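Take a look at these structures.
Both complexes shown next keep subunit A, but they swap its partner, so subunit B is in the first and subunit C is in the second.
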Partner chain A sequence: MDFFFIHLLNALLSAATLFLIAGGLSLIYGVMRIVNLAHGNLYAFGAYVTAWTLGRALAGAPTPLLYLALPAGAVGAALLGAVLEPTLLRPFYKRAEEYQLLVTFGLLMILGDVMHFVWGPYPLSASALWENSGSVSIAGNPYPNYNLVVIAIGGIAAAFLWFFVYKTRFGVVLRATSQNMRMASALGVDVNRMYVQAFTLGCFMAGLGGAIIVPSQSAVLDMGVDALVLSFIVVVIGGLGSLEGALVGALIVGVVREAGIAWFPEIELAVLYLMAAAVLLVRPAGLFGRAT
Partner chain B sequence: MAAEVNRRDFLNTLGVSVGAALTSAGAALPVVGVAHAQDKPKGNIPDTPFKIGHMTFFTGPAAVLGEPMFKGQQLAAEEINAAGGLLGKRKIELLKADENAGTDANVKELRRLKLSEKIDFFCGITSSGNTPALGPVAEELKLLTIFVDGCTDFLFDKAVPNPHYIFRITNMQSADGVTGAVAAAMTWPKTKKIAHIHPDYSYGRNAFDHFGIVMKKMLPSAENVSEGWPKLGTTDFSSHITKAISSKPDLLAISVWGGDYVAFYKQALRYGMFDKMKVASMIAFGVAPHAIGKDHPEGIIAGVHSNYHFTYPGGDRWPYNKTFVEKYHKRFNEYPNFQAEGGYTATYMLKNAIEKANRLAGGWPDDDAIISMLEGNMMAAPAGYVYIRPDNHQGYKDAVTGFSKNVADYPFPILDPERIITIPIRNITAPPGWPKGEPTSTYTWIDKTWPRAKA
Partner chain C sequence: MSTLAVAVESRSPVRRLVWAMPVAAALLVYPWVASQYQAMLLAYGLVMAIAALGFNLLLGYTGLLSFGHSAFFGVGAYTVALMVKYLNVGSMELFLVGAVVGSAVVAGIFGFVCVRYTRIFFGILTLALSQVLWSLAFKFFWVTGGTDGLRVPTPMLVGFSGGKTDKIEFLAHAYYYYVLVIFFACVASMWVIVSSPFGKALQAIRDNETRAEFVGIQVRRYRWVAFLVSGVFTGVAGALWVPLNGLITPENLHWTFSGKIVFMTVLGGFSAFAGPIIGAVLYNYLEAYAVGNTVYWQFVLGTVLVVLVLSLPTGVVGTADRLIARWGGRS
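And now, the complex of A and B:
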């Protein structure tokens, strides 16, 4: 049992990143009804931008400055999103969903190649924050302090989003657009502006997810595709379009993944898919999803 | 067969050597590189370009292996072309294809390269999932092929047991697990409990199997206490690390590679993993030696896919390596890995076979003449002697591994030059004629013929 708390923290650690990625995916779907397959590589883009900023541009800078620059990837992904939505996605809203899937899937591929072209095939690491942060002893076993930072960032992001969506005027308009775009538009909401803001916010979350894992995991090619698959499991369980669902889904996936690795290594990968299949059978819209 | 021997005698029978043992090159042995004075080719040589289709990973995480493989061949082709081309006439033209397209698409692309592009020679391939699919197709197309990697034992054990057109240059996969286990058993003979972390696909399974069978022979009292099978491409190892630590092993065997390994060791450091156990890796320093940081712990067995690390053979002792590393670094501003060495050596192996065939018959040799010259060919390559066994067309070179160490000369750790471990490849792979076995011929050969060390 001396490893119980470490297992628990590991579960929270993967839940924190998964929530950021899946939360962004869900937010974008909730508002815009677009399944953004490129989301995985916006997460990877955030990771590469942060890795480049911390590892190359600011190499050797003092730790506080590095922490300040950590969200560079989130900002980078948000900027990219703010450009992509009006130029590439907007022309396809009036078309059938298949077109949106094709466009976002194409974008996933293109972004992957762009990152390969810009940053090359080798893993881009920026581990100074990870290395300088040391470890804390938990029941006699070292646990990396930086992981605690990631868990905290995940928690703060969840609280911040809740506040944003439920307690601000922007949130009211966002939810109104999400529930009935035509009505919101008739009442004077600038839907185009709302879409670009929601998409940018979703990309910011994905980029933040990528940014915070860089110090411990590096940025590598194809990280986006893996993250996309996992975050789909999260939203299938939690319900596509629901932030609460993304949070609960991420916690469930984090705990099950940790338990799977520790005690059922044979079905480590299968168990997540089995769970998603079970949720689909019992509650096809996900635990927090609205049947539409 | 299962006689007991003591461990020191065991290591002597394996011919394991620590340090830097090298013999000198024979006078008439083919070497890599372009000699200043070349023999004039016999007969009429056409001056049409010699087309090589090179398929490897240019995208995806395995591009860390694929790009150096292509660069190795590119460097050799540029050298050969600068001297006039193959047999002084035929310039090499390289056509790239991306292995990341998937096995089915790769098979189609191979057919297209042969039928539409009319390539003369096929080279490359990184993944062990692809050689068993492409090998039979290359045979069917009668397309002369040297696979650089895709090193699964399965290719020549089962998929193409009697190859004619296809060859492979880098060591067989089983050599990885065997080399890692021999090195660990000789270095840490008191090991009782072993934890494993391997990527969950054929390479990781192969490493696990062969590490296990060698341990059964050399450290029979050791047992496996933990297994972790992360998906290939995983960069979050927190859970696997915690699991391995909680099983309190003496030794961790790990075959995670590339970006995955970089993430693994950085995380393992903060979880205090390296303080609690010895670590033996099959491939830690094999993939992207310069991507490993100076924070990497010293003294772990840092495998190089049992093939090649650019610092060995070092200094002036083996000029073929020194020259290769200098040229490669000058051309690409990075250090070569085992794939770069494989791509480079494969190209010169081909060039040499073409020249030998020309000396015998004159003119541009047909494929069968080149094939019979490749069979049994031996060459002084950057990594050392490489020998193509005629019966299975597999390249063999002595296996190498070593211990991680930071030195002033490089901004990343290398293999400790004082403690290189080399093992004659003959002693760790099944001999010609050994019956095909399950999971590999080398596995059954070790199981049936190696003695057991006294516990």
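And now, the complex of A and C:
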């Protein structure tokens, strides 16, 4: 039973970061109808910025200050997104989606090497925060407190996002644009501004995902490409463009991965991809997706 | 899809031959005038050209963007490596037969699943299925060697082994010509396919699915056949690639490798028959020199891709065609 509880916590842990990455991807797709292949590297960018801030710039600082500086990666990724959308993506909205995929694929390659150039080829870690946070005893086994913080941040982010999208004026405009861009535009919504905001918010989430993961794991160059494919699985299962779907998808993928690592490590990844393919076949719009 | 529908073929077959003959002649004499390294580099380019040619049957002619063609390339290559490992086969012809069968089976199954969808869902589905194969090759290391991959020795060509010749010498001459023959055969058969009524039907489906269906074309079935043929071409390229490289790793099954095949095709231009061929050869040089000169080669390639898509969406061949037409119109 206790063994089960630890596994459950681990599943929630990976679901929390996955939700942040995949939620951002899904939000961007929902509003702008763009599958952003560079999204994984925005997550990696967030991880690197936080790792650099905590591990280098603030090395040796007291723990509360480190917690305050944790969202640096999210802010960094959001700023990067706010620059990328108007310059590189905007020319492509009227063109076939093949071109959008290609330009974001190019962006994925470029961002990967920019991080390589800025932060070098070696893993960048910021484990002080993880070590300083101590651990609690769960059924006689120590469990890192920091992991509980990550789960909490994932939950809080999901709640905030729900509030943001369903209870604020911004959210109403966002959903209106998502449902019918032309109609929203005719009713006076500044679509270009909406797109920048949505893209920035999506990048902020990806960056936050990277930021909270980095005290427990180092930032490495490949992390973006790996995370992207996992978050693809999440949004395919949950439904492209649906935030509820991203949450449920992240929970499903988190649980299956955790179970996979424990019981069927060889085919853990294959099972995930096959699940995604199966959902696409049965419900192409995903579990929570709208039929378009 | 209508935005993709640029007129694919406009020039006459005679003018085409005028272009193709000197190119074919140059390819034949190339190993005699260029260094061994250059000949091998071109052999890599020709192999990738076969893969891109197959891929473009889906993108350029059927209007389906696959982000999972690494699967067929990898299946072709791993079939060869596993035939060496478990069956002790050394004949290149048997390798090619094995790769055709292997990639046909995988493409048949994947295609059956994928052609139910188009556009973005098709792309994601192909990506997800190819990643299944990647993760299997990655995890079942006792079969596939995991990230270390599998080694493949130089094969026997039409019953003859390289004998005592140096491996590089063998690859740069005998193997180069072997690749060249298969390349010509693939180009010729792809030409026959896209010019056949079947090829025209695919283009009709690409341009207007509903109208194609009303004319009596069984859309899903045609797409499935196109998927199968496309996968087999890419599988053949995988089989030819392994002896050249000497090693196959899961990297060639990863979705980023599929991205490279897409890149090549768009670089050359997917709305021209020769586009993927020229794009693959060019990309191969571009990558070889970028990797050779800087550790930030991905930055170089990514920038090329973004600039290309922004400014030359019809690719190198499409742009050259337009320039020639304009120049020809003036004189």
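One rule holds in what follows: the second predicted complex is superposed on the first by the 290 of 292 C-alpha atoms of A that agree within 3 Å, B and C clash if a C-alpha of one lies under 4 Å from a C-alpha of the other, contacts with A are read in each partner's own complex, and residues count from 1 in each chain.
Everything that follows uses one rule, which is that a contact is a pair of C-beta atoms (placed from the backbone, for glycine too) under 8 Å apart; a residue touches a chain by one contact, two chains touch by 3 or more.
Source: prediction; values computed, not measured.
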| item | value |
| --- | --- |
| Side-by-side fit of subunit B and subunit C on subunit A, or clash | clash |
| Partner chain in contact with A:S14 - subunit B first, subunit C second, else both or neither | first |
| First, second, both or neither for A:N141, with subunit B first and subunit C second | first |
| Which of subunit B and subunit C A:R95 touches, first, second, both or neither | second |
| Which of subunit B and subunit C A:F105 touches, first, second, both or neither | second |
| First, second, both or neither for A:D113, with subunit B first and subunit C second | both |
| First, second, both or neither for A:P265, with subunit B first and subunit C second | both |
| Subunit C collision site on subunit B, chosen from 133-141, 223-231 or 277-285, when both complexes are overlaid on chain A | 133-141 |
| Interface residues of subunit A shared between complexes with subunit B and subunit C | 112-113, 116, 121, 265, 268-269 |
| Subunit C residues touching subunit A - in the complex, by the definition given at the top | 1, 3-4, 59, 65, 67, 113, 116-117, 119-121, 123-125, 127-129, 131-132, 135-136, 138-140, 255-256, 259, 262-263, 266, 295-299, 301-306, 309-310, 313 |
| Complex contact set, residues of subunit A against subunit B | 2-3, 6-7, 10, 13-14, 17, 112-113, 116, 121-123, 125, 127, 130-131, 133-135, 141-147, 213, 216-218, 220-223, 226, 257-258, 261-262, 265, 268-269 |
| Subunit B to subunit A touching residues, read off their complex | 58-61, 63-64, 66-67, 200, 227-229, 231, 233-236, 238-240, 242-243, 245-246, 258-260, 262-263, 266-267, 269-272, 288, 290-291, 293, 295 |
| Residue numbers on subunit A that touch subunit C, as the complex places them | 35, 37, 88, 91-92, 95-99, 101-103, 105-110, 112-114, 116-117, 121, 225, 229, 232-233, 236, 240, 265-270, 273-274, 276-277, 280-281, 284 |
